[in-house]
Structure formats: structure tokens, C-alpha cells
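Notes follow the structure.
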Amino acid sequence: MDLDKKIAQFVQDLEEKTTKRRRDLHHYPETGWTEFRTAAIVIGQLRDLGYEVSFGKDVLVDGECMGVPSAKVLEAQMERAISQGADPALVKEMAGGRTGVVGVMDFGRPGKTVALRFDMDCNDIVEAADEKHRPFREGFASVNRGCMHACGHDGHTSAGLAVAEILAQLKDELCGRVKFIFQPAEEGVRGARGMAAKGIVDDVDFLLGAHLMRPKVGYLGYDVQGFLATSKFDADFTGVPVHAGSYPEKGKNALLAAANAAINLQAITRHSEGSTRVNVGVLNAGTGRNVVPANAHMEVETRGASSAINAYMYGRAQQIILGAAQMYDVEVKLTQTGGAASGNNSPELSAYIRKVAERLDIFDTLDTLRDIGGSEDCSYFMERVQKHGGQAAYLIIGGSLAAVNHNLYFDFDEHALTLEAQLLATATSGLLKE
Amino acid sequence: MDLDKKIAQFVQDLEEKTTKRRRDLHHYPETGWTEFRTAAIVIGQLRDLGYEVSFGKDVLVDGECMGVPSAKVLEAQMERAISQGADPALVKEMAGGRTGVVGVMDFGRPGKTVALRFDMDCNDIVEAADEKHRPFREGFASVNRGCMHACGHDGHTSAGLAVAEILAQLKDELCGRVKFIFQPAEEGVRGARGMAAKGIVDDVDFLLGAHLMRPKVGYLGYDVQGFLATSKFDADFTGVPVHAGSYPEKGKNALLAAANAAINLQAITRHSEGSTRVNVGVLNAGTGRNVVPANAHMEVETRGASSAINAYMYGRAQQIILGAAQMYDVEVKLTQTGGAASGNNSPELSAYIRKVAERLDIFDTLDTLRDIGGSEDCSYFMERVQKHGGQAAYLIIGGSLAAVNHNLYFDFDEHALTLEAQLLATATSGLLKE
Amino acid sequence: MDLDKKIAQFVQDLEEKTTKRRRDLHHYPETGWTEFRTAAIVIGQLRDLGYEVSFGKDVLVDGECMGVPSAKVLEAQMERAISQGADPALVKEMAGGRTGVVGVMDFGRPGKTVALRFDMDCNDIVEAADEKHRPFREGFASVNRGCMHACGHDGHTSAGLAVAEILAQLKDELCGRVKFIFQPAEEGVRGARGMAAKGIVDDVDFLLGAHLMRPKVGYLGYDVQGFLATSKFDADFTGVPVHAGSYPEKGKNALLAAANAAINLQAITRHSEGSTRVNVGVLNAGTGRNVVPANAHMEVETRGASSAINAYMYGRAQQIILGAAQMYDVEVKLTQTGGAASGNNSPELSAYIRKVAERLDIFDTLDTLRDIGGSEDCSYFMERVQKHGGQAAYLIIGGSLAAVNHNLYFDFDEHALTLEAQLLATATSGLLKE
Amino acid sequence: MDLDKKIAQFVQDLEEKTTKRRRDLHHYPETGWTEFRTAAIVIGQLRDLGYEVSFGKDVLVDGECMGVPSAKVLEAQMERAISQGADPALVKEMAGGRTGVVGVMDFGRPGKTVALRFDMDCNDIVEAADEKHRPFREGFASVNRGCMHACGHDGHTSAGLAVAEILAQLKDELCGRVKFIFQPAEEGVRGARGMAAKGIVDDVDFLLGAHLMRPKVGYLGYDVQGFLATSKFDADFTGVPVHAGSYPEKGKNALLAAANAAINLQAITRHSEGSTRVNVGVLNAGTGRNVVPANAHMEVETRGASSAINAYMYGRAQQIILGAAQMYDVEVKLTQTGGAASGNNSPELSAYIRKVAERLDIFDTLDTLRDIGGSEDCSYFMERVQKHGGQAAYLIIGGSLAAVNHNLYFDFDEHALTLEAQLLATATSGLLKE
């Protein structure tokens, strides 16, 4: 109980600093795999607090990173990060978009390993430039046009650093180890897979993640179930263009291959063990009315109630696309651009969080979310921890949002960060007590 | 001119015998690859006339024979042939449906080689049992239920034997060689390919074929152009059946693979060099409403203005069917059941026939058929002769038909056979004169 | 408790009679809408017991009866029924397949109305003629070739008549009313809709149904949830046939319309509120390889976790089929051949049944079936009773089956009928006590 | 002969003026329906020569004009035309893109009516800015970025004005009437239909059109056969967008409707009477991977060997698109953006042109083009003249092109214009002699 009070005090002391940091990150948002400035700040801060920090190649498997921008884009964003104050040496080490960071503190006494995961990237959105939008009114709106923290990851990162600071201050009272994971590219569910594949959570006993969402400050969703597994991928068909009137038989028609693929993707047989989804969201093909279309670009996603069911969907999707290409004798290239596992909180860890929250009495609503739907790539870490015998929980923190996630007027009440930090620090230290 | 008169006399002498033979064949019709009795008669007759006769394996390449019935069916028809008077030893040598016959007479003096081609098979039709149908009224209608000579091949075979008899009688006056080809399985365009593949016309300078058709006796179509090349084939898809409500994802859906194939076959791109056709005429799939359908049977044909264009159609069809099977992860088996090359008379040979016909003055209409359409597998022989530098002509002989070809009331005026025999014998002997 | 014992005694006294009746019905099985002999027996028996019996037009809405055979078939089966001993006058009144029967007994004292529903039809199966098959060995196998009681409806009907006899004997002790419903054509889920539409259960407070299934005698499934709503229907497309080589543009292609419909039916979008199914189980189209196919017959079923979700599936299916017909300018006729509502036991009634079963102590396993899947048209009665404020329950009775339902070796241990009758009679009399 | 010489002299005198005019038009190119400056020049010039000029609403049926740009685009181009020297009053009268011009001269003596048709619009091409490109090198390349005369219509218009000047000078020697038609929007085959529909060629006895093409100066194609009839149209499907994971069943999928339409358009049955084409050249659908796509834009063209065959193709295309929209319950809008009739020269008029050309002896090659393929909307005028009993001919004039038509390096030898003018003036005056 003593510890609870100490943490409450630390959090209060940090409230102004956390808010300031959130606003700085909001001012300089960076999209997935280009979080060079953000990651450099995280690295510096964790090091200052005494964490052993790994990043770049040490925490990512390149081939498992999805939807990484082109080298040209990455280089431009590296320059921008440096021009906005990032440490050039650190930025250089993250070349290629390797912006994941892991900070570990070993408390020197036998105990459990607890991991805390936060995401750092922003959205591809032009932020509202409007007096009614607080970040604009108060001068911390985005200066990077087309980039905006419209999903609260600026808050997540700031709260994460606050928790890191608190636990560092309690290091003499804790056992085991704590591991902070700052993940790139959660948007488009692209970033977690590459870090999980590196094995960074394979030794973890308890994993916690959290997200700011709509309901009022004071809301806590402590038992989250039903993240859908998902695969996001593009199919690019390439045929042979010819004049459609003169020699149509010499063409190879990419548009018709894609059209067949689209219809038959939608027709993938339902799965008896759980719900599925498939969507061909975009199809662009052809260059002119009188030319046999030789190019087709298709953006697809599948979902499944479990990773196995999504694997069925994705496997069938590949067969269908390859078969459609063969029908029209065209080439096709599949590019995976994102993905998430299915995810469900471990019941014991959810119950533990509920107990901690009740004891702290800082939330007025304690809720369960049994069928959350949608996808979040924290699931890759959760699945891996659970497979190795550990427990995982994902928490929803009420943020009193000004607008829904991904809206250009998105904003939240920064007091939510204090509650988040207090809950996570208290829960973690409890797990590291004996 | 002396020769013309001799032949005219021979033909007249043979008229009754030819009619009798035609009626006997009409009485005992045999469908494609089961012409055991018919071929045995042809063999016997040619041997009696002094021809050197080859048949069975000697005149057919097995792998190129299309749409051959099952062993069981063949055996039953062999028995029937024997019970209807066929020489058992000959029938035995034709086991497996090898019912093609070639008879050659070498006149012992240097000269050209002329081939004459006739077809022997009947249709899968139940003949009319009706007083208004002459074969029934006069007692020579089919005794083999479901088999009927409704396309005049009984007449073709009889006329062919008459020509063979005439030329044998003229052997002292002729040079070079004459070759009689009696072909099985013209219906469904199945039989010629296997004989042509054996090389039996590779040494032929002039090839003549003929067919009885609608117009009045006295009509001659001496210049036929535009037989479409065609491929006939079946596609049989095999998937995995499961209950459609319980575990649909464990099924593999042959019906949907076939449905996709059918639509995309119809969508094969037009060819700029000539007309094409494609038809999925039959599709049968599935066994019950609540079972994922695991079988689909599809009957397809393609056509093209030239053999090359049809090859394009057939090639694309194969790609589409294999691609559709891959899309649904099912097996597919393609079986070619028939085919014909494109075909056009050689201009010089057509002109020669016209001259002969004018001289004989036995036809009142001399016509050209520039765009005959449809398919006839005599084209395989024509194409092969023309490729080797020879000439070929296909002739249409007016038959004053009682009903259109393939109708259960089909019949013709047997005097047409006399005109056909006279024309062919005269034209052939002219080509073998010096 | 006194009553419990009385019923136990009645049941025991009836065991031999019930078994004999079941074997008689097994010997003379009748498929859906042709249960002329079976219904005539039921009518006679109910009348003998003092029930007020309605049947034929009085208990069915013609237009809501699905999958009724042709007049010719019905007439033949009426003759067969008479030849197998059915009362000709009764059979006549059931002309047109109106084989539903309702027997009511009013106990003359105010009380509840309890309905008990049984099905009477057999399957389209050729029964095993094999010594290892008891009905064959003991001489009561089907004498109606192609008809077999392979789903236990012979047992259901016999047990129903036993319950009717018991309750009639208890009439002085009961209040309210009891209503026996003997339904035709449960196979293919065709018969219940027409009886429910007539309003025969609109005054019912409690409805009970039951089915013999696999597990051992002694098994009772007292709480059944999750019957899927389903629609079964045929689509018949009619186009215009023409020769595919000569004038293809003059044809109207029914095969391609159906192929498009099939693929797009499979592609009906998933529903977020519950699971769905769709299956095109059969597609037969076309008459010959070289004819544009002018006919296509398609057998389809949809399912949904609720009646509303199935209505979405069926509504979309209709749009797709009509649209596909329009694409190919062909006619299409939709025929509903079967259907069932979704269905779930009323919790209170399930709980009541459990209590009765515990008290009787004649079952060794009391089970709940939360996700039974499949479809059963008793759901139409259940849904209608529940909508009118009543309660309904469907029960699974262990039958120690010799083979799975619908198998040619299907048979069951007739002692199950005694347990079924005892449970239903006891439960019903309990509901009619005060 | 006297007249031939006079015309030869006039043409020579005009050569420099014609070249200058062509270069001016090349410098200020205007795309279809925006030929405000070009038409204003034509109007002014024809009036100066004494022609009675009609234009704007008097020569066009609005509803038959296809692919007219938006009001906004038209207004901007009107302003540009004025800024580039066009008479503001004339431009105003052509508001709405009504840029067609007709000039008539009645010679006051009974005789025939001869029409001469020229096109005025340029292409949507950025002209080469490269020393090797003569128009650039010599300073007359386009100043209107994205607009370029890459198909020689600048030459056609200039030659037309030269012919108008010559015939005006010969007015005392001619009978009947001559009618000059300057047509907008030939590119995309959009402009002729609206002028033909107005009836402007219904009184014409002889119609002549011409086009510059590849072969050397001195080439004349005097007998052109086989323009394909064509329809160009867009289909825009509109559905309902929803999140593809959350409530997919509430969406209406425009992408899948369009995909079905595309495949089945390609599958329109071949026509036995002549060749056909169909191409879906462009398909753009959807806005994001995880949204049910609610919009789809498709660009289509059909072709046929005759107007009737193309009407079959276009009629089937409409059925298919409407049916596909119905299948997916989405709206669809069809917009015709272009079209041409089939076209063949009248044999007598071709023969007359050949005789004139032989007499003049200014061409070294006189050719027939029996199977020109492609489409040209002069066919609308030709078809209408021929239907009314007149004759029409389209001529190909060798231009020694620097690059193929529609290429950014397109240019031609302006001497070709002199030959064209001499031929047309001589032929026309011959037809107007007695």
C-alpha cells in the first residue's frame, strides 16, 4: 500500500512533464517506420533513466517488417527528423526504417519479467487548422503536413516514458526485470510482427498494452477479447497492352484477371469455427478505353476470429489470385502490407488488473470488452507471450476524445495519461514484488 | 472420251448392287469406332476386287483417336457385329475400335497417287418407325436401336465400293496408284486425325472426299471453302464433398471452379485474323443441395477460321480451365473428344472437277460454297495432303433429302450415289491417265 | 407423484403396442406429403381415443406448403396407401398431399394449452437388405422401394400416439387442453410452415417437440439452442437454344446466367451479427456441346444464425439471381422448396423439463445443446408460439442408433420410445394440473 | 481540262497561305468541343469568301453531342480563345461547345449538292519540345500545354479553307451547291453524330472526306472500306460504403458489380455476321483497403463490322451492366462518350475519284483500303448520305509523317495539303459541272 502511494505521488509529479512531452510529439508527428525523432527521444530518455537500450537491427527482423516505405521516403524523413532536433548518430543507426526500441532494467533479484508495449507512429492525415481544435489553438498542432497523431500514440509514448521513470525510481524495491517496448508502425498493423519475430518477448511472463479510446476519462476496459487476426496485402497484375481493336488477341488482360480474383476472393467459403471477413477495397486497372489493360492494382484484407482462421482466408486468397493470374496468363505480385494475430486477454491477468484498479479507485467504470472486433498488432506480442506460457492483457483507457480516432479533430484529455501511467506502474510493480 | 462412256456403263450396271448395299448398311448401322460389320464388308469387298488392304493397327495411331467408347461397349458391339454376319476373325483384328480401312491398287506404271476418302459411321438416333419414312416402310430401317444412318454415310460407303469396283475393272488403262480410305467416327469429328497421323496420305497427290446434302439430285458443289477448325473436349473437375452447413471450409468446390471456367471461356478475346467460336454446351455439377459439390462435368467446343486461330482458342481454353481449377484447389482432367482442321479446296483441283462435271453433263447445278462453316474431319486429310504439296477437294453431292441431316426421318434418293460414283471414277481415272 | 406412477405404468403397458406400431410404420414408409396411410392411422387412432380431429385443408395453408410432389406422384401414392390398408375415404380427403393431422382434447376445466408435435414422413433411401440390418432380418423393412424411415419419424409418430393414449386415460385429472400435431414433410424442412401459417399453434402456451438421435438410450438433451434458419430453393433459368457455330448471337445462354449467379451467391457478404452459409449444391445446364444452353437448373440453400440473418441471405440471393438472369436476358423462376426458422428453447420450459427428468430418474445423462447447428422445421411452430407469448422446447432423446440418421442401416432401440412417451406425458400432465 | 489547269494554278498560288494557316492552327490547338478560335477563323474566312455560314445551335443537336467537357472547362477555353485572338462575339455564340460550322454556296444553276467534310480538333498530348521536332524548331509548336495537333486536323482545316477559296473563285462556272462542313471533336469519335442528327447532309448527293496518313506524299487511298462501327461509353457504379470489418452487410459493393460487368462484357457472344470487339479499358474502384467500395468507374468500347452488329454489342453491354448493378443492388449511370457508324465508300464515287486522280497525275500511288479497321466518325455523315440515296467517299492522303498519328513528334509535309486541295477542288467541280 505504501508502494501504491509512492507511485501516486510520482505520477502527480510527472503530470506536467508528461503533458509537455505529449505535445512535443504531437507537434512533430512521424508515420510508420519513420519515427526517427520519436525513437531518438525514447532512446535518450530510457538511457538517462538507466535502462539498457537496444534498437534498430537488434530488435527487428527485416523480412518480417511490412509496408516499409521506399528508401527515398525514408531518407527524406531521416533528414526531417534531424532538422527537427533528433540526434543524427541515432537516426543513422535506424536507417531503413528500423525505428523499434527496447529498454530493459534488471532489478538484480530473482523474479518475473514484465513487458510494457507502446506504439509511436502517427496517421496520414492533414490536421485540422481550426480554432475549435485545441492543438491548433494552443500551438502544438502538427508541423509535418499530412502527418497527424490522430490515434493517441503520442500519448501512449509519453505515458510509457512516465512509467519507465517511475519504475526506475523504485528499482531498489523490485525483483525480476521490466522491458519497455516502443513499437513502430502500428497503423496498418505493420510493425509488431518484425519485433515479435526477433524473439524480444519470448522470455516475458506478463505483457501489458493499452490504448486511449472514446469513453470519458475514468473508464477502464480491463478485459479485452476478440481482436480479429488480419492480413493486409496488395496484388499487382501485369499483362501485355495492345490496341483493343487491332490485335486484341496479342494482349494479356490484367483487368480481367483482377476482376475474377476480386469476385472469387469475396466468395471464399465461410469457416465453421468462427467469423471471417474479406474485402477488396481498391481496384485500379488500365490506362485507356481502347487499350487491353496490362496493369491492375488491388488492395485486399482478410480477417478471422483466430489466427488459424485468418490463415485459412489468406491461404485461399493466395490460391485464388494465382489461379486468376494463370487464367489470363498474366504475372502477379503479392505484397503483404500489414497483419495482426487474433488476441484475447489472459483471464488471470485481466482479473489481476481489475483488482489493482479497484484498489486504486481512480477509475469510475470497470468494463469488459468481449467482442472488440477490429485488429491491433499488439496481438502478435500477446500471442507469442501466451504461446510461451506467459500472460498478456490489453487495456482500454478512457480519453474523453474530442473526435473519433483517425479524425482530423482528434484530441484527448491528457489527464488520461496520468491514470494510465499510475495503473501500469502499480500493476507492474505488484507483479515484480516477490 | 471412250473412258467416260465405259465408266458410265459400269456405273449403270452397278446401280442396283450399290442401292442394295446401301440398304444393308442402313439396316445394320454402327456408330463411331464400332463399325466392325461395315469395315469387315469393306475389307472383304476390296480384297475380292484385288486391292491390297490394310486395317486396324496398321492404319491408325491409337493415341490420336478421339472419343473411343469404353472397352465394354466395344466388346458388346463386336459381338453384335458378329451376330449380324461379320467375319469373326476380321472383327477380332479390329478390337479396340480400330475400324479404319485402307485399300491400295498400284497400276504398275509411273503416275500420280489419288486418294478417295469415305466415312462409315452412323448417328446416335432412334430411327423413325413410321409409314411415311421409306426405310421403315420398305423394311430396311435400323435394327440396332439408337443407331441410325441419318447423315448418309451408308451411301458414302456404298458409292466408295462402287468406285473401287470400277477402277479395278479399268486397271489396265491406268497409271500410278489409287488409295481408298474408309474412315471411322466422322460424327463428332473423331476419326480422321488418328488415320492422318499414321501418314497414310503423306504420299498422296490428289485427295477427293464427298458428302450427300440437301439440294436436289443433280446438284454439285465442286468448290468448298471455309470448314472451321474445331476442338471438342470435356473438362471434369474433382473436389472434396462436405456438408455445406457443418464444415464448408473443408470442401473443395468443383461447381464454382467450373462456373468460373465457363464464364471466362466465353470471354476469350476475339482474334483479329478471323472468326472464332466457343461454347460450353453442358455443365453438370453437384449431387445435393446441402453438399459442397465435388464434381463438375463440362462439355466444350472451340472453333476458328483457321487451324492456327482454333489453336489459339484451344490454348487459351486450357489456360482458363487450369487456372479456374487452381483458384478452387480442385483437380481437373481434360479429354479431347473430337477435332477438325480448317479446310479449303485446292483451286486447281476444284477447277478440274468442274471441267469433268461439265463434260459429263450429269449435274444440272454446278455451285461454289465459299463459306460453308461447320466442321468435317476430312479436313485433317486435306490439310496433310496440301502441306505435302498435293491437292485436295471436298465435294457436295445433291441427295434430294427427305429431312435434314441428323433427323430421324433422314433419307435420300439413291440415284445420287450413281452420279457420285460416276463423277469420282471419271475424275480419278483422268488424274491417273498419263 | 401419484400421477408419475400412473403414467409409468401406462407406458409400460403400452410398450409392446408402441413397438408393434413403429414396426408397422417402418414396413410401410411414406415420403413427405404422401403420408396418406400413416395419417389415416393417426386420424383413426386419435378418434378412437376421443380426440377431436382436424386434418387436410383445415390444418394447412396450401400456398405455404413447400416441395409438394406432382399431382401424378400424389395420386400414385394415394393408391398405394389404399392398397396397403388405408381407409379410402380418409385418403380422399387428404388429396393434394394435405396429410397434416391435429387432434385436440379439451379437459373441460380452465387451464393451459399444451401442444405436442411429431413428424411422420420417411426418407428417399433404399433400405439395406442385409442380414446385419435388424428391420430386414426381422421382416419389418420397407416394402416401398426407395422409401425408408431412416430418421426415426416412425418412432416419433408411435411415441406420439402412446402419449395421446395416456393423456386420454388421464382426462379426468387434467385441466386446459392438449393438442397433438402430426406434421408431414419434415425432411427438406417443407411441412411445418404450412401448418403454422394456418394458426394452429397461436393459442398454445407450451409446445414440445422431440427427436431420436445418436447417443445411447438414457440420454436426454433438454435445452436445445441454435437451430439455423434456412431457405431451400431452386432457380430454373430459361433462354433460347441455337447452334453455337452458326448463329450464336441469336441464343440466350442460361448456363452462363446460372454460372454467374452461382459464383456471386457464394460471394454474398458476411453478416456481422452471426454466421451464415450459402451453397449451390447442384447445377445442371445444357443439352449438347454445340448448342447454346437454354436451360439451367440450380439447387441452392442459405442459412443464418437467426431468421433475420437468413432473410438477409435469401434476399440477397434473390437479387443476385434476378440480376444474373437480366445480364443474360433469360427468364428465371425461383421455387422455394423448404425452409426453417431459427430456433431456441424457452429457458423456463427447458428448466421445467430438466426438473421433471430429474424427478423421474429414467435418464442417465441430462445435457444442454447450445450450438446444435443444422435446421429443423419444428422451429416454425416454436417461433410462432414464442411470438405469441408462449414457451417452446425441443428435446433430443438418445436412441442407441445402429447407424447415423439418413443411413440405409439406420435403426434404433425401441425402448427409447417408452422413455420419450413417459417424459412427454409426465411433463404435459404437469403443465395441465392446475 | 481547262478547269483542271485553272485549279492547279489556284492551288499553287494558295500554297504559302495554306501552310501559314496550318502553322497558326498548330500553334493554337484546341481539343474537341473547344475549337472556339479555330471555328471563329473558319467562320470569318468562309464569310469573306461569300459563303452563307451557319454555326452553333443551327448545325448541332445538343443531345446527340457526346463527351462535351464541363461548363467550367468550356468557359476557360472560351477565354483562352479570345485571349489568342478569336472574335469574342463569335465565341459567345458558340458557348456550350457548339463549335461546328457549315458554309454553303449556291451556284444559282440547277445541279447536284456536294459536301466536303473536315475536322478541326486536336489531341490531349504534350507536344515534344525538342530540336528534332520541326514545329518546335521552327517556332510553331503548341502554346496550349497538353493540347497538340498530332493527327493532322490542323492540315485538314487549312486544306478545307483552300478548297473553299478555289471553288468560290470558280462560282460562275459551276452548277448546284457546295457545302463545307467543319466538324468539332473527331477525336474520341464524338462530334459528327450531333451534326448529322441536325440533318445537314440530308440533301447531299456527294460527300467527300479525307485524312492525312503515314505513307509518302503522293499516296492516295481512293477506295476505303471497313470502318468499324463503335460505341464508347462510361459506366459509373455507386453503392454504399461501410467499414469492411464492422458491418460489411450494410455496404453495397460497386467494385464487385463492376468486376462482374467487366468479365461478362468480354463474354458477349460472337456475332456470326461479322467481327466484333469489346474492351473494358479502365476500371477504378474503391477508396481504401478496409472500406466496402462504393464507387467504380469503368471505360468501355464496343465495335462491330456494321452499325447493326455494333448495336447488338452495345445493346448486350447495356443489359450486362444493368444486370450486374442489380446483382449488387447498386446504382449505375451510363454515359455515351463517343461513337461512329460503320463506313464504306460508294463504289461509283471511288471509281470517279480514281479517274480524276489518274487524269491529274499528281499521285504516284493509287490504292484501295479494303479492311481499314479502326473507327472515324465521318462515317455518320457517310451513312446518312448513303441512306438518302447519295454517294460518299473517304480518302487517305499520304503525308510523309514524321511520327505516327497521336505521337508527340507527329508532323507532316505540308505539300500534301496542296495535293489534297487540288484533288478535292477538281473532283468537286467535276461533279458540279452540268
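Each chain carries a letter (A, B, C and D) given by its place in the written order, and its residues are counted from 1.
One rule holds for everything that comes next: a contact is a pair of C-beta atoms (placed from the backbone, for glycine too) under 8 Å apart; a residue touches a chain by one contact, two chains touch by 3 or more.
As the structure is a prediction and not an experimental result, all values here were calculated from the model.
Would you identify the chain whose Cα-based centre sits farthest away from the centre of chain D?
Computed centres place C farthest from chain D.
So which one's got more C-beta contacts, A-C or A-D?
Result of the comparison of A-C and A-D: A-D.
Cα centroid separation between chain C and chain D, in whole Å?
70
Roughly how many whole angstrom separate the Cα centroids of chain A and chain D?
Centre-to-centre distance between chain A and chain D: 56 Å.
I'd like the Å distance between the centres of chain A and chain C, where a centre is the mean of that chain's Cα atoms.
52
Give me the residue numbers in chain D that touch at least two other chains, ranges are fine.
246, 248, 253, 256, 260, 263-264, 266-267, 269-270, 272, 277, 292 - these are the residues of chain D that touch more than one other chain.
Going by the contact rule set out above, which residues of chain A touch chain C in the complex?
Touching chain C from chain A are residues 263-264, 266-267, 269-270, 272, 275-278.
Quick one: in the complex, what on chain B touches chain C?
228, 230, 232, 244-246, 248, 253, 255-256, 258-260, 262-263, 266, 277, 279-293, 296, 299-301, 303, 373-375
Please output the residues of chain B touching chain A within their complex, sorted ascending.
246-249, 251, 253, 256, 260, 264, 267, 269-273, 292, 312, 316, 319-320, 322-329
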